[in-house]
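Two complexes, one shared chain (chain A), two partners (chain B, chain C).
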Partner chain A sequence: MKPGNARRAALAVLFCLSLASVIPAAAQDLPAAPPAPPLDLTAEDTPNDRGHAIALSWVLSPDDDGSGRVTGYSVWRAVYRPGVAPADLDWTRVGSHSAGYLGDERLTHSDVSDDIVNNLPYLYRVEADGPGGASAVLLPASIMARAQWFNRARWNMLLAVLVLSAGIMYWIQKAQTSDIYLRPVAGLKAFDEAIGRATEMGNPVLFVPGIMDMDQIETLAGVSILGYVGKMTARYETPLEVPVSRSLVMAHAREVVKESYLQAGRPDLYNDDMIHYLTDDQFGYAAAVDGIMLRQKPAACFYQGKFYAESLILAETGNSIGAIQIAGTASPAQLPFFITACDYTLIGEEFFAASAYLSQEKRAIGSIRGQDVGKLIFMVALILGVFLVSLEAVGVRLPGWLDITALFDVSSGG
Partner chain B sequence: MSETIGIWCAAFLTLAIFSFLYKDNPFYKFAEHLFTGVSAAYWMSVAFWSQVHPNLCGNIWWPEAFVRRFLEFTYVWVDRVELDGQTYAANALIDGSLTPEMIQRAELVNHVHVMYYIPLILGILFFTRLIPKIAYLSRWPLAFVMGMAAGLRLYSFLQSNAMEQISATIAPLAGTPTVAEALNNLVVLIGVFTGLVYFYFSREHKGLFGGLSRVGVYFLMVSFGAAFGYTVMARVSLLLGRFQFLIHDWLGTMTGAGG
Partner chain C sequence: MLLKRWIPLFILVFVGVLTLIHWFVPHDPIGSLGRDFSQFFDIIASFAIILGAANLLKLQSLKISQRKKGWPFNLVTIIAFALTAWVGLNWHSYFGSGHHYLAGTHVNNPDSHFFWVWWYIFTPLSATMYALLAFYVASASYRAFRARNVEATVLLVAGIIIMIGRVPLGQQFTAWLPDHGFWSGFRLERISDWIYSYPNGAGQRAVMIGIALGVVSTSLRLILGIEKSFLGEE
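After this line comes the complex of A and B, so read on.
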């Protein structure tokens, strides 16, 4: 390059640099304008729910390009009134979003609130906010939230419930006329042994039906097992002690044990005080049961129900007094403690099946067989599913109806 | 001063409970009975104010005079306030939007749901246990609770313990990005499958079936061992919390270092 040309080029660069430093300063001096509003605001009732929810979406403001002209979006809701101008409606801010979703075609917002009354028309507006003010897009027509009776996305759950229920009902019927084999469960065999030991020692039997209420399946299963234990203690004339932590469990357990004593032909031995309430508090209950164990020295302790952190406290205390202990729960976090500290533990399904095993009632045994058939279906589906997805993973194209993962997908739907 | 007394009481009760580690003694008995009694009353109060009061009392009809009488304690009975043609939300009664004079003039509208009379009636039926002649009526709400629980839990158990479990286990054993991932999927598959075999009750566990069942037991025991270690650590942290209280808060009040 010639020296004259080089000088000219240097001057041009200097000019450009000076211009670049001046232009932003000039721009800053101008009053900032509101950003362009978002576009194409749409709304729809959220499907498959109980109502009280509207799903919104809109196209980002053209000024939402990272320049800082848009700092965020505000979502506003108002009850629609025919003949009233939107500006005169009573607007409530119901949500906000940050700017800068570059690359996203549309921004979505789910307005879920009990303040949204079902079947009442609402209007929405979305504002693009920025240092220069806000500009809004209005929903072109009002929208209503509606409740649906059925969640159509969960058709597979309905199918599963129907198939399992049909299987269980079939085997309940079948059990009336044919014998069904049940494999032995060690913990259940020990029930009679434990109660017999308490009888020989002349000490009471302690039964703890967990710390949860009657709305838990584990509690229902525990109280059901209590019925069997009650029958045995009535037969052997052994004192029974059932401290509970819920008033409903107390009421139900009293009914069950009373019935058991009646069936055993010893209603005279039953009294309501056998089943008594302590406290709803988890550790208050654990402390009180520990006290009962230390003072009454039960020879057999049954822990059958839903347990939490008190499981180890109870089982360790029972162990320290030398009682034979049988636990049963479906709480995975507590099973290790029971397995460690108790003589026998009914794990999960064993615990649920216990009442059928103990009562040897045909209907209950039939239901166990029905559940087993359900498990068999799941096992077959598991192997088949893994085989099919493995084929897909290595590049084999399968027809859509062979998509077995969709059959078990319960993630969609509200 | 009151805080110091509180810390001393808490420290005494903590040590009284700890004394159980030695053997049953009067201090433990005292702490146990105090804990049981106080917590029973506490939870009864919590159950009323967190469940019965908002869920039931707030949804049935009350005479306006009664609502006004107890307005200084609660406004849960009021759904909305009508005044001079304007409607206010119920919390306007306490957030200063309305003056006492305006509240006097306002109409307090109940939020009445007919459906809530069903649990009210069922709840009352529970108390029939106290009247021997009609005590059998108390079984109805029990039957309702049990039936509701069984139906409700069937769905949630089936979803979380069966459908989601199976869905998560169906993963490819070939064509995965890494061999380790395929091995991982295989271990999960064997664990779930053999676990199901173990809990299959209506067939004798002999031969191949028995072998699979035994593998299932091994998987269960490994998972229980891992859960044991994990939970024990959480319990140790609870114990450390109590020691921290004793050393820092309680002994600190004596040495002037903590509190």
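After this line comes the complex of A and C, so read on.
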């Protein structure tokens, strides 16, 4: 390069560098303006709740376009006082949102707090925050949170519960004066066979009441069945082994089994340690029960309760030791595993009917008939629903009260 | 009789009815009572763990003292129990120093001894048990998928289609069929989806409806005092 050219190039570089240092300085000197405020702030009492909740929504600030002029939104709440200017109210920041919800027209915020007193008017304001400050939109009118006495989104569920309950109670009453036939359930008839086999072999009976606690109705149903099994093992003088994974289940099962042994006239055979705690952990429990199976070789294994992934581990181990196995659960995902690995499986409703079936108590049997009638109602409703939806699908216009999609929409009811 | 029958029955009916009503009535005090009941249960269950732990220690100690078969394993259980309880209850139990020793938060802190036990001993052991499922599924499938009768054959065919249709390699078998139109319905992944969504979905829902009815019926029997087997009565 010639010396003259080199000098010119150096000067050009110096000029560019000096320009680059001046431009940011000039930008910094400009006063940054706050972003445009959000628009159209609305609020409503959250429906179907116990109050203490307000649902807010607003349109994004026009400056919230990804340019960085809006960094977020702040939600403020104050108790409304007539005659007091909003600026003089005691505002509390109750929520925030990030900026950049591009594509969403409105932002929503649910203000749920026990600090919100029901039936007291509140004002809200939402600020668009940015490097240049904040600008706010004020709720045009005050809003009150109210508690509702009835959750209207669940009316269809209430109707179903009432109809089913009425049907079941009718049959409970009717069963006291008339005999009701119950179809034989192979799995339930096999209970005696399984315990008899264990007695003949001189091996214990293993009962697993699921892995969940007493707040699950499956566990309650399982422990009820344990009462029957306990009575049979007492009668046949067969050892009973009940490993549990919850302390409360242990305490409860002990009471039930003790009572069963008492009723069978063999309280001397009862021992608290028959029902013992292992661990709350799912796979720790499965490992421990597998160990019990392999060491003690029970001749009959009962799995009655709520199960998860450990179901197949337990049932396959029981299968490998040649035990007769009877499972019962209301966990649909575990049913295929039990059906494959066990000799008998009580599926869903059969499992819940087991206790009533085994007791042969008239009113309990009546409730099972009521349950069957409920099933019939469901079947009719399903066929009717399929018919009406098919009509809609081929373009037949149905009156509003026959709008089947809305009628059976329980999604809003949680 | 009063303690063992009537008081438990009263509690059950009272709590059962209120819990049912709270599902439909959100207004306080019913709405908040329904939530409180589940918290009461959690508190009771938390305290009941003492019963379980005491029972576990008692039985394990008994087996050691009687030198029952495999008693060293019982010893391992007790030592593991004691060590885990120690690092769990002692929130000063950390690797290194300079930590803020706060009770409770230490269980989630990667530097605490409790976290080490959890992450390097408990989690692999649990994962090992879970991994056994793969072998159990294989052995159970081998028994289930034998074409002994018509139903078992249908199950076998459906199972094979689902398995093949869910893996990319299997989908290649019918990749030559068009993506749209009548013949696209015969692609393995489409048949697999159809079996999964319709026959399987319908069966699952039938079971679910049966379960829901069973739950209503059992709850009514309990609330009305017909079902007393949970109290040890017939």
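FYI, the second predicted complex is superposed on the first by the 287 of 414 C-alpha atoms of A that agree within 3 Å, B and C clash if a C-alpha of one lies under 4 Å from a C-alpha of the other, contacts with A are read in each partner's own complex, and residues count from 1 in each chain.
We take it that contacts are C-beta pairs under 8 Å (C-beta built on N, C-alpha and C of every residue); 3 or more make two chains touch, one makes a residue touch a chain.
Here the structure is a predicted model, which is why all the values come from computation and not from measurement.
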| said: Tell me the contact category for A:Arg50 with respect to chain B and chain C: first, second, both or neither. | reply: second
| query | First (chain B), second (chain C), both or neither: which does A:Ala99 touch? | reply | neither
| message | On the A-aligned overlay, A:Glu392 touches which partner chain: chain B = first, chain C = second, or both, or neither? | response | first
| query | Should A:Ala190 be classified as contacting the first partner (chain B), the second (chain C), both, or neither? | reply | neither
| So, A:Phe378: does it touch chain B (first), chain C (second), both, or neither? | both
| request: For A:Leu346, select first, second, both or neither according to whether it touches chain B, chain C, the two together, or no partner. | output: neither
| task | Would you sort A:Phe150 into first (chain B), second (chain C), both or neither based on which partner it touches? | result | second
| message | Under the stated touch criterion, which partner chain does A:Ala251 make contact with: chain B (first), chain C (second), both, or neither? | response | both
| query | If you stack the two complexes on chain A, which partner ends up touching A:Tyr181: first (chain B), second (chain C), both, or neither? | reply | first
| Once the two structures are fitted together, what part of chain A is touched by chain B and by chain C alike? | 157, 161, 164, 214-215, 217, 220, 248, 251-252, 255, 277-281, 283-284, 287, 295, 309, 312, 332, 335, 337, 340, 347-349, 353, 368, 374-375, 378
| message | Applying the document's contact rule, which stretches of chain B touch chain A when the two form their complex? | response | 17, 20, 23-24, 28-29, 31-32, 35-40, 42-44, 47, 126, 129, 138-139, 142, 145-146, 148-150, 152-155, 157-159, 162-164, 166-167, 169-176, 185, 189, 192-193, 196-197, 199-205, 220, 223-225, 227-228, 231, 235
| field | Touch list for chain A against partner chain B, complex | value | 156-157, 160-161, 164, 180-183, 185, 214-217, 220, 248, 251-252, 255, 277-281, 283-285, 287-288, 290-291, 294-295, 309, 312, 332-333, 335-337, 339-340, 347-350, 353, 368-369, 372, 374-376, 378-379, 381-383, 385-386, 389-390, 392-395, 404-405, 408-410
| Taking the complex as given, what residues does chain A use to touch chain C? | 48-51, 147-151, 154, 157-158, 161, 164-165, 168-169, 172, 213-215, 217, 220-221, 223-224, 227-228, 246-248, 250-252, 255-260, 262-263, 273, 276-284, 286-287, 295, 309-310, 312-313, 315-316, 330, 332, 335, 337, 340-341, 347-349, 351-353, 355-356, 359, 361, 363-364, 367-368, 370-371, 374-375, 378
| said: Under the definition above, what is the set of chain C residues touching chain A in their complex? | reply: 4, 20, 23-28, 31-32, 38, 41, 44-45, 48-53, 55-56, 59, 69-70, 122, 125-126, 129-130, 132-133, 136-137, 139-141, 143-144, 204, 207-211, 213-222, 224, 226-227, 229-234
